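In the two complexes that follow, chain A is the common piece, with chain B as its partner first and chain C second.
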Partner chain A sequence: MNDTPIYLPESGDWQCAACGQDLVPAPVGVTYLQGGFTITLMTCPACHLSLVPEFLAVGKMFEVEQLLEDK
Partner chain B sequence: MTATESLCPVCLARLPARREAVGEDGWLVRTCPEHGEFRARYWHGPPGPAGWDRPKIAPSGTAAAGTAPGEGCPYVCGLCPEHSQRTCTVVFEVTGRCNLGCPVCFADAGTGFDPDPTLAALETRLIRARRAAGPANIQISGGEPTLRADLPDIVALAKAAGFPFVQLNTNGLALAADPALAGRLAAAGLDSVFLQCDGVTDAAHVALRGRGLVREKRAALDACAAAGLGVVLVATLVPGVNAGEVGDLVRLAASLAPGVRGVHFQPAAHFGRYPGNGDSAPRLTLPEVMAALEAQTGGMVRAEDLHPPCCEHSLCSFSATYRVLPGGRLALAGSGGCCDKTAIPAEEGARQSMAFVARQWGAAKPVPAPEAIKDDFDRFLAAAAATPTLSISAMAFMDAWTLDLERARGCCIHVAVPDGRLIPFCLYNLTAADGAALYRRKSCA
Partner chain C sequence: MDQQGLRDIEYRCIQEEQPACQAACPLHVDVRKFMALVRAGDMAGARKILDRTLPLPTVLGRVCDHPCQPHCIRSPIDASLAIGGLERTVINATGPAAKPLSMPGKGKRAAVMGGDVSALTVAWDLGKKGYGVDVYLAGEAAGGHLLTLATLLPPGALAAELDIMGRMNVAFHPGQRLDRAAFERFCTEYDAVYVEMLDTNFLSLGREGVDALTLGLPGHDGVFCGGFVAPGQPLSAISLAGEGRKAAVSMDRYLAGVSVTASREREGACPTRLFTNTEGVIPIPAVAPAEAAAGLTPAEAGTEAARCLDCQCLECVKSCAYLARYKGYPKVYARQIYNNLSIVQGSRSFNQMINSCTMCGLCTELCPEDFSMADLTLAARRDMVSRDKMPLSAHEFALEDMAFSQSDRFTLLRHAPGETASAHLFYPGCMLGGDPAASVAGVYAFLRETLPGGVALGLACCGAPAWWAGRQDLAEAAMAQFREAWEGLGRPRLVMACASCQATFARMAPEVPTISLWRVFLEETGLPQSRGALPAGPVAVHDSCTSRYDAESQAAVRAILGSLGVDVAELALSGRRTECCGFGGLQANAHPELAATVIARRAAESPHDFIATCSMCRDRLAGTGKRAYHLLDLLFPGGSGDPAARPDPGFSYRHEARARLKRTLLETVWREPQSPETPPAVRLVIPDAVRRVMEARHVLDTDVARTIAHAEATGRKFTDKATGRHLAGFATARVTYWALYELIDGAAHIHAAYSHRMNVSGVDRQEG
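The block that comes next holds the complex of A and B.
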């Protein structure tokens, strides 16, 4: 059973541009350096590319990436 | 051997130059038809200069070297079309006065009698500097900026002009004498204090600043921490004077994290006011600072941890960021180490560097309350906030003997001069063997 946090786009039906398949929720590993965790994203069942919704990409995900960025 | 350009340290004539590698040392060599050959060692020891590279791709439209108008680089700064990096830090001088008379001072401060610019004049200059530099960080400098009673107003004007990160370059004496000043500056929008701190002993301060200052530095640190200002300890390093205190400075900084956010080393360059002869003076180069850090911290900081910069020219600096563990132990943060040698666009390097400085040298983020933690991203961020981080960095300024014009063209730290031009820090402060300045106007008695 998948009980990981789910991050879905705010609206719309989404298809994979490359495969034409409807995206479906699927567990995705997020890895930062040696650590990581699993979240649920809309994912193409054929090529397994996932859609990171904008609010996550420019929000918490961006904050975490900034932590890892050096000068 | 690589080709570049330099100046004659006597007459400041531009000369073709070469970087010679001798073992793991780097020498800058050029010959003035009038004053002869000059050889200056700009790099001494491992890692040799050849492998220390993080190339930048100059913005499109950058003119080729040798095509600047008129007399050309470095005589027509402001910035000229040959300059290959944008401004990441505007240095903004608000007074020439100082409350110390240091034997070493790049700005040769406190020797003139020029009146301070008015607040209205500074406002105009800030707006002009912001327009010229874009959304850069700003460092309020001098002279000693805290001698101005209206310094909080200047900080507020810098913020209002659109500088997102405002830092104060200070000796800290006023912050120590008036503990409420730090709070007033923080309330005005100050983010960070670049606190001159040359060592942990009074002897280091006596040699470089003329008197013991340890107690006052500590009081300034406490005041800044209480006001929620990020502090960077900044040490001017002179061989045989305080180069033996870099390890103690790191330990001091770690013990005061997260109030202290970084330690920054500046090997003394021979411009402005300095003792001795610039030609024969011993110079501390970046790899020597790396080696001193490793030796004096018992390997807690390793030379291999340190990487070249993503913004300025590779030969100008190094840095690394550490997590401060219980007991003051340091653990390299992030992926760390040297180094990603992939060429990056200069603009992207500047963006990264500005964001890092604002994040690391400003106050630490508070640890979020448990009820604010909703998912693993929040947990990751909370775990990071719970462990203080400390940056360790150094910048090698260039003087008339070590000036490499390729490095100067890649500079991102620009002084906003009163007439509106932005001039790379080293060029602005550069003085010839006889003290004549390339740019900085000498205040006259």
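The block that comes next holds the complex of A and C.
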């Protein structure tokens, strides 16, 4: 069972342009410096391209980056 | 920085020094806090301050002869605070004597010979610490000269305190012979002995006969003497108490078997280095009690205490938004920085603080002791870099900007066309070179016309960002690169339009002669005939912080404005005390929000238009919405429109402007045709609101263009079925950039752009 944090886009009905597929939540590895986590992002089921929403990039991700940089 | 180095740095910050009153008090009563409580009408709180420090507080608080008062810094302004009178008011207004908390018995005993204030203080202090104390009195009652102060002491006050001492392991033995025989006996019967020299001197001893630091009697371990009277001097109750306190500290340490001499410099009345700025303090006369005999009422005391200036230094903190931000002062920051650097495992929570100093040097100018946050934070940054502990994101954007300026896109160092020698080299700096409205070409042409001996051109980066970032390696490499070209040009003198570059050369390459463009205009070439639109009213001159020590150039700027007929309304902080715009020290990179506060505060310091001599300062002032000129705008009008109203061009435009400047100069000055600019792979349309967000996030147009080009070339993007907008991400070596856009007639209209540094497995990466 997937119990990682899920970060879905706040708006939009997104599709992978290359594959024409609707996105599905999927676990994705994120790493920075010595840190690594798994989170759930909307991802193309065919080519596995993942969507990082703006609020995640400038919010939680930024915070974690700063924390890891200060380690 | 080692422990000793830290202490040397900390010592320079005097904020923790005692105020003059407290330093002059032999017992160091916390007068500031006492005054604050009296002012607030909290008499019980004020009483606690006295109880904490004074022995026999209801007695000493009434009879204290307040040697502190003449030291009050209000004294030369109006009158010293009535510290002694306020003490009496507080004691009178609060309850009777109360037994202080005392420690459990230690099983050791001390003898005290004498009963005046120093002896009572020794007994009070040792009793409180849990020692058994026997006080031997020649007369019938303890108190010595206190017994003669009936006008100050109400009946029963002394008796009440003595009674309390009785409950603190202190026993009084009146009617004793205090002679050498008794002394010899006490020395064998007790663990320590105090001899008060006031009334009895069977030891035939003067003050010089005891150890000045400890009051110890040489040759007699555990014996301490105090209460010496200088002939002809009036007795000072508080000084006697000070001496008693000193002896009690020695005896306690002696009895506990620890060092009697360590760290005792600050006991008794001592000098202080605290500086308090009294400029602008309005004289307020001291409050006279309505009934002189009764002293100040609590209400009168509150008014009198409100005159207390709450002496602090904080000279630097008052003028620096950065120092104020972290709620401390340099001494605290030095300790925090030291601790931050010492962390082996765990979070380095002061990294951002270290990286947010503008290193402008204003604190050093304001500090009576020349404390330098710039030196401290630079050393810390270098330390972090050397140990690979510098956060990547702190300076990377600025260092990449520097790399751009050092690249072939901008760098251009050569003799003027047709010349083979140059006496001068015009060095505009990368920020002026990045100002699309600046007339670098016009200035260069003017200098070539007016300066003899040939004027070379130097478009280059001085390496200041690397210096600020603690990247000494990059700073030295930048200078080495320049020096080689400069030597190839015959070592010309540099005519500099940027104070930061000039300061960098002075620091890194003192052999390179430099002079500011402003001095050259004033002293050598005269002003050009051309004129831009002049400001309608007086202007505030914002001196660059890096010009702080170049008084001649600052004077030249004012002289130029004077000859243009422009009046200057000086800022309170200018010249040697000028403020940074928030770009210095790469503050704007490490802490954009703080840097915005810094420049907004600066812009608010004058109602007038600003004039800056640094492009970055001007742009940052303009970024707050303040009207701001560059001095060159008045001398070499460039773009169209009101130059003071032009916005901050932003990072992307600055890059473009630098590259374009080089191309233009090569084409127009050296007549070297340039190949047409490669058209961008994607044409971008970026609304102002989106651009502002991109600037704040340090996302460049080129970053967005790269991402969209990849998405459009590969089809690897997301499309919103509802709006038709596309979202694409593309990772470079260290940062992933995202763009939300829609394609209209082949142009990408940008709706949002953002970035992150974390690597996400499902996002495409740039190869290589």
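Note that in this section the second predicted complex is superposed on the first by the 62 of 71 C-alpha atoms of A that agree within 3 Å, B and C clash if a C-alpha of one lies under 4 Å from a C-alpha of the other, contacts with A are read in each partner's own complex, and residues count from 1 in each chain.
We take it that contacts are C-beta pairs under 8 Å (C-beta built on N, C-alpha and C of every residue); 3 or more make two chains touch, one makes a residue touch a chain.
Computed from a prediction, not measured in an experiment: that's the story for all the values here.
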item	value
Which superposed partner A:K71 touches (first chain B, second chain C, both, neither)	both
First (chain B), second (chain C), both or neither touched by A:Q21	neither
First, second, both or neither for A:P5, with chain B first and chain C second	first
Partner chain in contact with A:E63 - chain B first, chain C second, else both or neither	first
First (chain B), second (chain C), both or neither touched by A:V30	both
Footprint overlap on chain A, where chain B in one structure and chain C in the other make contact	30, 32-33, 61, 64, 66-67, 69-71
Residue ranges of chain A touching chain B (in the complex, touch as defined)	5, 30, 32-33, 35, 37, 39, 60-61, 63-64, 66-71
Of chain A, residues touching chain C in the complex	12-18, 23, 26, 28-33, 41, 43, 47-52, 54, 56-58, 61-62, 64-67, 69-71
Residue ranges of chain B touching chain A (in the complex, touch as defined)	307, 309-311, 319-321, 334-336, 352-353, 355-357, 359-360, 375-381, 384, 391, 393
Chain A partner contacts - residues on chain C that touch it in the complex	346-349, 351-352, 391-394, 697, 711, 714-723, 725-727, 729, 736, 738, 740, 752, 754-764
